[in-house]
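Read from first to last, the chains carry the letters A, B and C; within each, the first residue is number 1.
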Amino acid sequence: MSRFVLLTISGLADGAIYALIALGFVLIYKATGVINFAQGDLVTLGAYVALWAYQDLRLTLATSALVAVLALACTGAVLERVAAAPLRGRSVHVVVIATLGAALVIRSLVIRWKGTSPQRLPGFFGFRTVEVLGARIPMQNLLILGAAALALSLVALLLQGTSFGRQVRALATDRTTAQLMGISVDRLSMAAFALAAALAAVGAVLVAPTQQLTPTFGFGPMLFAFAAAIIGGFGRIGGVALAAVLLGVLQQWATGYIDPSYREIYPFVLMLGILAVRPKGLLPEQVGQRV
Amino acid sequence: MSELSVDPAGAAGGQPTAPATVGPVRPPVYAGRQGLGLAAFAVALAVIVVLADSPYSQGLVGQWATLAIAGLGFYLAFGVGGQFSFCQAALVGLGAYSSAWLTQDHGLPFALGLLGAVAITAVVAAGLFALVKRCDAFYFAIATLAFGFLAVVVFREWSSFAGPGGERRSLPGISLGGDELSGRSSAAAVVVVLLLALGLTLLVERSPLNREAAAVRHLPLAASTFGIGVMRIRATMFVAGAAYSGAAGSLLAHRNRVLSPEAFDIELAIDIFLVLLFGGLGSAWGPVLGAAFVVWAPEQLRFIGRDRDLVFGGLLIAIMIFVPDGLVGLAGRVQGLVADRRRGRPAEPAVAGEA
Amino acid sequence: MTANSRRLAAALLALGLVTTACSRGDDSDADDAPSTTVPAEVEASKDFELDEPVKLVAMISDPTNSSDGNAIADFNDGARMAIDEINEAGGLGGHDIELVTIDTPPVGDAVVNALNLAVAENPTAILGPVSSTATLAITERVAEEEIPLIHNSTDPALATDGEAGNEWVYASRPRNDEAASVAASFLTDELGAENVGLLSVNASFGQQGVAAAKEALGSAAGAERSFEYNATNLSEPIQAVADSDAVLDWGTPNTLAASVVTAAQQGLDVPYMGPGSIGFASFKTGVGDDSVLANVYGTVDCIPTDDERDYVAEWAGRFEAEFGYTPSYSAAELYDSVFLLRHVIEAAESADPAAIRDGLAGIEVATGMCAVTYRNDNGFLSQESTVGRYEDGEFVAVKRYGG
């Protein structure tokens, strides 16, 4: 029983992180139509900025997290200016490749800055665990669940209740009309990228204490987040978040009960299986297509 | 190519201008002298192979040709078929391991290993396509990305096919009629396969298949109303691209004679992209040029060491912004400029009353 | 901002990145090292003449010649130090020894390119590679080209009678399975463990280690788990070995750190034994908390900074004075490899490849900084390991085996 609890809570925590990352690029997609392949490397950058603030600037963990979020928000805006804005209106593959290029650049800069030796960002609760139904759960996992839920709800509120949110939804629904209605695509794109990067930083700061911090740290979760977003249909925030959490749990169960060697591929097998039957995902909305 | 002169004022009652002589109208692709180009290229290749006198340069020539074949495969799948896929590297790996398995475990000669690799890769690709064919562009891309990861893990775990941990050593080299080729002749063999692959691709470019594929790429809905089998064309191009990748994998396996699953991960996939990007998406010559750059540049730029990713990432962005057509597109643009200069100004619509 | 000025800005940014990268490329860090003020203690070479200078090619990446993020400077710095000291004492055979380093990634086409470049240099001998996969990939060619090779892999397949080894290929390190045996014996003999949990990466390195450990442990072998080399979440494997009174983890630097931290999180406080990378600084920073290291042991080739032999401590001091960091066993082994080559070249008074090959094959007693005694045993020149542990954040020696 305790094994089941451990696996399930680990899975929920993993899924929460995937949801935060997925939310980031779904947001960018809705606002700009761009698929941001640099999202994983933004996560990595966020963790390293937090580490730098904590180790070199000697700030507290909470302040370091805040510094990371703000720094990433700026980075997101810069990324938009360099890799997305000049290519607006070009075909999908061009922008994808540009964001891939940006990912490589970010990764290289991180390597130059901090080297590739694994580092560790401490968590709020250190190594403390709490006993839940017989299983020792690291308290960091519970923090991940709580903080991610909070972040997701805030973003949902943002999209539903604010002017920014309304504009994003308008752009996502019908780009041309929205532009004709006077929505500033430039400003909205920058804001979307900045917000997505900030979310990446939040995810990074939450998950980094549970793992080794290396320059490819964010890439793996990003791929699983893609799988989750696709399974969820890439449309509704709630759908994507739910898919992400489910994916995390299923992945942990499969790793624990079937075969740990294949941990990395369970999400993809699931995704391929679902795509074979439901090519648009489970709760679909239109993804960019020229007809 | 002769042009009809357009006379907008003709209908309004001026003197009708005599039309210029009209020959048979041929689409642009036939205007290029592909056959001559291929022959000239073959000669150039022969010269290169003769000049490569150290194992290092022979190795580079072989790598270039192999990567060019893989790039041609990606060109067929993406440039012609319009399907952006991340799985080319994994398919190269599949070809490599298949060929290794057939030759090392089952004692087949290299030629059969190569054909077997092509066949196995094509079948697996067909299966993958069948699984995700109804997906649109982005989902398809991510599905192929997933396949890429799956493949590497399978290579690592399936010992009876890929060797323990995916490691295979002491593979037989490229052989012809029982004699193992080495050094220069091995590089020459790979170059010959490249020529065949390129010739085949040029044939495809000249064929009606290419026109239909262009329609499928740009206007799938309209194309299907014309009776063009959209799914059929996409599948054909995807599988053909996979077959090329399988061949490239087999050549890679028997040139390097060792295999490791990490050699087929996303780094190779990015390299294959770069081949097509640098060279240009619009023509079969693109991968040939692009592969030369991707193989040659890191070796020349060893001094940039740690910053290789930085430079390549920056180049990717710069290329996407300025030269999305790649080297071939650039060449095409330059050629177009030169041709315009030589012809004088392009024919303008005649104005009524002036001859 | 207009479309054109956006493009210009992007272009400038890309250009800036490219020039930054290109301008930082340099070719040797020896120029940056402070000159040593500690006198060299190396004896001059035997007095004989060679027609050509001895040229050593190191197929080893370091941060200055490679884009591989994992490349460390230790290996090449160790080789450089040896060569510099020999040259300062008069060179070898009447000439200075030359060193060329070549970036050698662990897999792919680039390994073949590196080997081709190495061969094109006409080396007297090749040092490295460092990774097992690269070494395994080149042994056949090395034998064809008849170039002696001293590499840094521990894979038993590289034994002279192993499936990838041959008479031209020698390791400056002990075999992986022997080291794992030593590790297991330490746990049972010195720490009295009776139920040892066995963790490993599912690559050949880990599997070889666990197989050897199981043999050495006999009935003391406990629960077993393996995971991928880039695994990040090890809670399940740690839970599986929760009942052990000691854990032997034959993993890679990343998984080892994750494993130790997870064990601490789960409250598993038993002796923890890992392979050589436990001694590396990267393991320590990967764990990030010295208090967690209290019960962590590692079976390394040697610990130059904590060796009972005075001359080793002196050597470590010289190394630190020249390069600015403390040497690991890798640096010591490369240093020793150069001296082993000098040893056999002097004995044969010749740099002929076959003579070097035979000389290496016949090494019976040769001293070094890392191993006390080097001796050829089926292609592995060292049979010694040292078990160390972390005390107050320092990795110190506990027991030496072999030698």
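Simple rule for what comes next: contacts are C-beta pairs under 8 Å (C-beta built on N, C-alpha and C of every residue); 3 or more make two chains touch, one makes a residue touch a chain.
Note that the coordinates shown come from a computational prediction; the quantities given were computed from them, not determined experimentally.
Student: Higher C-beta contact count, A-B or A-C?
Tutor: Taking the two pairs in turn, the one with more contacts turns out to be A-B.
Student: State the chain with the largest centre-to-centre distance from chain A, centres being mean CA positions.
Tutor: The most remote chain is C.
Student: Rounded to a whole Å, what is the gap between the Cα centroids of chain B and chain C?
Tutor: 41
Student: So the centre of each chain is just the mean of its C-alpha atoms; given that, what is the distance between chain A and chain B in Å?
Tutor: Each chain reduced to its C-alpha mean, chain A and chain B end up 33 Å apart.
Student: Centroid from C-alpha atoms only, then distance chain A to chain C, rounded to Å. What do you get?
Tutor: 37
Student: Identify all positions of chain A at which a residue touches two or more other chains, and write them in rising order.
Tutor: Answer for chain A, listing residues that touch two or more other chains: 82-83, 86, 105, 108, 111, 261, 264.
Student: Check each residue of chain C and list the ones that touch at least two other chains.
Tutor: Where chain C meets two or more other chains at a single residue, that happens at 7, 10, 13-14, 17, 21, 69, 202.
Student: At least two other chains touched by the same residue of chain B: list those residues.
Tutor: 306-310, 313-315, 317, 321
Student: Quick one: which bits of chain C touch chain A in the complex? Just the residue numbers, please.
Tutor: Of all residues in chain C, those touching chain A are 1, 3, 6-7, 9-10, 13-14, 17, 21, 69-70, 202, 225-228, 230-233, 235-237, 239, 253-254, 257-258, 261, 264-267, 281-282, 285-289, 292.
Student: Note which residues of chain B are touching chain C in the complex, please.
Tutor: Its residues touching chain C are 54-56, 59-60, 63, 156, 164-165, 167, 169-170, 252, 255-258, 260, 262-263, 268, 298-299, 302-311, 313-315, 317-318, 321-322.
Student: In the complex, go through chain C and note every residue touching chain B.
Tutor: Per the stated touch rule, the residues are 7, 10-11, 13-15, 17-18, 20-22, 24-27, 63-67, 69, 103, 106-113, 116-117, 119-120, 133, 136-137, 140, 163-164, 202-204, 207.
Student: Which residues of chain A touch chain B in the complex?
Tutor: Interface residues on the chain A side: 35, 82-83, 86-87, 90, 92-98, 100-109, 111-112, 223, 226-227, 230, 234, 261-262, 264-265, 268-269, 271-272, 275-276, 279-281, 287-291.
Student: Under the definition above, what is the set of chain A residues touching chain C in their complex?
Tutor: Against chain C, chain A makes touches at 3, 6-7, 10, 14, 81-83, 85-86, 105, 108, 111, 115-122, 126-127, 129, 136, 138, 186, 210-212, 214-215, 220, 252, 255-256, 260-261, 263-264.
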